[in-house]
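Two complexes come next, and they have one chain in common, chain A, joined by chain B in the first and chain C in the second.
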Partner chain A sequence: MSDKAGLFRPDSLSEALHLLATVPDSRPLAGGASLIAMINARIVEPAALVSVTQIAELRGIRVSPSGEIVIGASTRHRDIAEETRLSGTLAVVPDAAGQIASATIRNMGTIGGSIAHADPGLDFPPALVAAGAVVEVASTAGRRRIPIVEFFVDWYATALSPGEIVVAVHLPKPKPGVGLYLKHRRVAGDFAIVSIALSRALDGETHIAVGGCGPTPVASAEADRILSCSTSGAALAQAGEVLTALADPVDDVRGTAEYRRLLIPRMLRRAMFDAAAKSAA
Partner chain B sequence: MEKASVSLQVNGATCEAQATLYDTLLTVLRDQLLFTSAKRGCNQGVCGACTVLADGVPVRACLSLALDCEGRRIETVEGLSANPRMQALQRSFIRRGAFQCAFCTPGMLISAYALLGSDRPVNEADVRKSLSGNLCRCTGYKKIIEAVLETAGDRRSGR
Partner chain C sequence: MRVDGAFEIDLPREALYRSITDPALMAICVPGCENIEKIDPTIYRAAVRVAIGVIKARFNLVVEVTQETPPECVQSITRGEEGGRASQLTATNQVSLIDLGDGRTRVEYVSDLSVTGRFGRFALGIMRKKAQSIANEFADNLRTRLVAGPPTGSNAVAANNRGQSE
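Moving on to the complex of A and B:
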């Protein structure tokens, strides 16, 4: 297909993947919330952009016959925040979506663009780790599925290969229970200093992920096991210690690494109390 | 950089412009089409001064590529100047003195206009949440919030 000064707007996924594989120095463009800001600052200067928001199959949320929830990559944050089928243990996902930046950014940004950008301060990565997501990606070589904890590799780095894009995020069938996202930030609209994503089923099975404290979301099978068995003060302290030891925060304008380490157990405790209050309600 | 022709629907009219790959909607609105209500503050999507409506929904003009806006319905404060809801907001802003330098005002008006677009009742928390992506460095926000709440109250009492 033809471009306009380097912009392609394909309406099928196969066409988009073909362009990304063949047009030199091309990048996929979704909502623009991160990529256009980076272009404005000339942090990146791609020769061509492939806009994917016209592609119908990448949009919207559907429930598979087995009850799995599939979120298309170009679904906007606002639509995820308002999605009532993301309930019970999956409520952590819309709760996080509704706390991303500001309402206007939530009208633009997409879940695929957000996780592909992999900024460690973002809200979706820890929420999707707690929810047990699997990322479906595609290129001209075909499709594959990547568990969310393997998808995030390093600061701003993912398991995506060149020419590969996120096409959907798969979430397991929600269980009765609670999900919530606790975000500590300086002012409305800012990135998290520390965030806690929590998913807890009625039977006690608990999954926690910490955001803003290292290159990728911090999660631990051991911490999850401790909290799934007990919510005593000792269990909360022990799980907090495990997560804090795994965290690798840095000093930045939002806070010091030491401050972040101090916040993790405190915010974990508050998130667990909030979850208990939410269950009781 | 290479430029391409783009045909944009702005404020009810078809406007022809020339844009490079990196030219944002904001650049084209301001520099070519002379709709200067949308302001260039941070150019990073943070300050909200460039907020416009695309297909009726508030977006950042600085984070939208002009070439990617073809086929979308763009509205700025200029295009809403005869709209009763926008006029009511503007009157409340004046009555309440909801600005000092006024650089943020068009973005505030667009966000408030979108908030008041449904018949749903609006409280102070809704206003604060809706305007949280619009920075004002002069007013401390109090008068802006009062102005939007006043318009919301007038709307509900039918004034």
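Moving on to the complex of A and C:
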């Protein structure tokens, strides 16, 4: 940030949205887990920051009358990791939240900030895809809801328009079943090399999303259909092939693209075994 | 970092060669390109906008054509930086045109690209993907402009703006 950079701390959402719409080159600041690190590294230099963490309506988790679970955008990773109402098929979300980086970062980072940053190695994006989330966003022009698979559009790019922020993540009413997040990383606290988010209802309905293997989480209606019908070795191999074919990983310090492609079917198999073991328990 | 690829276009090689060496047309087809200016017979200056997520940058580039073999091959060196020297970029490039007959040409390109500074620090693994997507968009823009009938003003603008919409 330049020396003249401003920090605004509005108390209401409408005030925050007004600031973001009118202050040139302003950015919303939530927990700062990514943005402050990027400012310190001089990767981005916004002219102004609009802090949203003191806005009460963006905080906390509530259950709607219909049983839908609504997570406010400034809810911290730690609070999501400990949330017992995110159970059954939605357990994938707290499982992923508890594996994000380190305890320090889980105490700072927020779900809204995480998905708006849309780093391909993050843990929430695949977990929310597997859970069938819908993202509620707002700007001075009003509110709208975006299905999670349409929210992530490219490397570090989302469907958010300028001046628009994430206000909540809506999750469908949890079904009895299993949700889990399998993360392969170099060391504790690192980004995923490859991750598998799994949500499987008792009736067999299964949703899988792969993290770290492309610009957006890799998911496929066909792979979900295969795994919902059968968990045979052949079905697992077939679903693994479908997902691997859709992956578009990069070569980086965490591993080569080829290595990531090899991991997808293996980790899928392990995630399905873990899910079976969890349901039997 | 090596970025390479190829595409085919329904245009005779000579005509295509004239097109890809026409700065005004390149300014329209290169995604994010704001202008290209010819400084001397082999040196061009260009301004190109690139965005990866929160990083939105405007590179000031100098392209030096080092070897021209009409209508087969152009070699060039691109050097440039963002304002404030936040990122620097150097690339050696070669574009080859292969006559496929029947008025069709295959374009092969290879570029050895190095990026330092904030882009390099932030997302080196993703730079290659980004470079590849810019190249694909360029091929689409070129096709739209040269092959898909006489372009209207709005089409050309639409094609050019795709690269800036991120």
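Everything that follows uses one rule, which is that the second predicted complex is superposed on the first by the 276 of 281 C-alpha atoms of A that agree within 3 Å, B and C clash if a C-alpha of one lies under 4 Å from a C-alpha of the other, contacts with A are read in each partner's own complex, and residues count from 1 in each chain.
Operating definition for what follows: a residue touches a chain if its C-beta (ideal position, glycine included) is under 8 Å from a C-beta of that chain, and two chains touch if they have at least 3 such contacts.
Predicted model only: the values in this text are computed from it and were never measured.
**Q** Touching A:234, do we find chain B (first), chain C (second), both, or neither?
**A** Neither: A:234 stays clear of chain B and chain C.
**Q** Between chain B (first) and chain C (second), which, if any, makes contact with A:104: first, second, both or neither?
**A** first
**Q** Looking at the overlay, what does A:37 touch: chain B (first), chain C (second), both, or neither?
**A** A:37 contacts chain B only, not chain C.
**Q** Who contacts more of chain A, chain B or chain C?
**A** B
**Q** Counting only touches as set out at the top, which of chain B and chain C does A:215 meet: first, second, both, neither?
**A** Touch partner of A:215: chain C, not chain B.
**Q** Have a look at where A:157 lands relative to chain B and chain C in the superposition and call it first, second, both or neither.
**A** The second partner, chain C, only.
**Q** Quick check for you: in the superposed arrangement, does A:48 touch first (chain B), second (chain C), both or neither?
**A** The answer is first: A:48 touches chain B but not chain C.
**Q** Would you sort A:281 into first (chain B), second (chain C), both or neither based on which partner it touches?
**A** Neither partner.
**Q** Share the list of chain A residues that count as touching for chain B in one structure and for chain C in the other.
**A** Residues common to the chain A contacts of chain C and of chain B are 41, listed in rising order.
**Q** Would you mind writing out the residues of chain A in touch with chain B in their complex?
**A** Residue list for chain A touching chain B: 4-7, 9, 29, 31-33, 36-37, 39-41, 45, 48-49, 51, 53, 101-105, 107-108, 188-189.
**Q** Using the touch rule from the top, collect the residues of chain A that touch chain C in their complex.
**A** Residues of chain A touching chain C: 27, 35, 38, 41-44, 117-118, 120, 154-157, 215, 248, 250-253.
**Q** Using the touch definition up top, name the residues of chain C that touch chain A in the complex.
**A** Contact set of chain C toward chain A: 52-55, 86, 118, 121-126, 128-130, 166.
**Q** Write out the stretch or stretches of chain B touching chain A in their complex.
**A** 1-6, 19-22, 24, 43-46, 48, 51, 57-60, 62-65, 67-68, 70, 111, 128-130, 132-134
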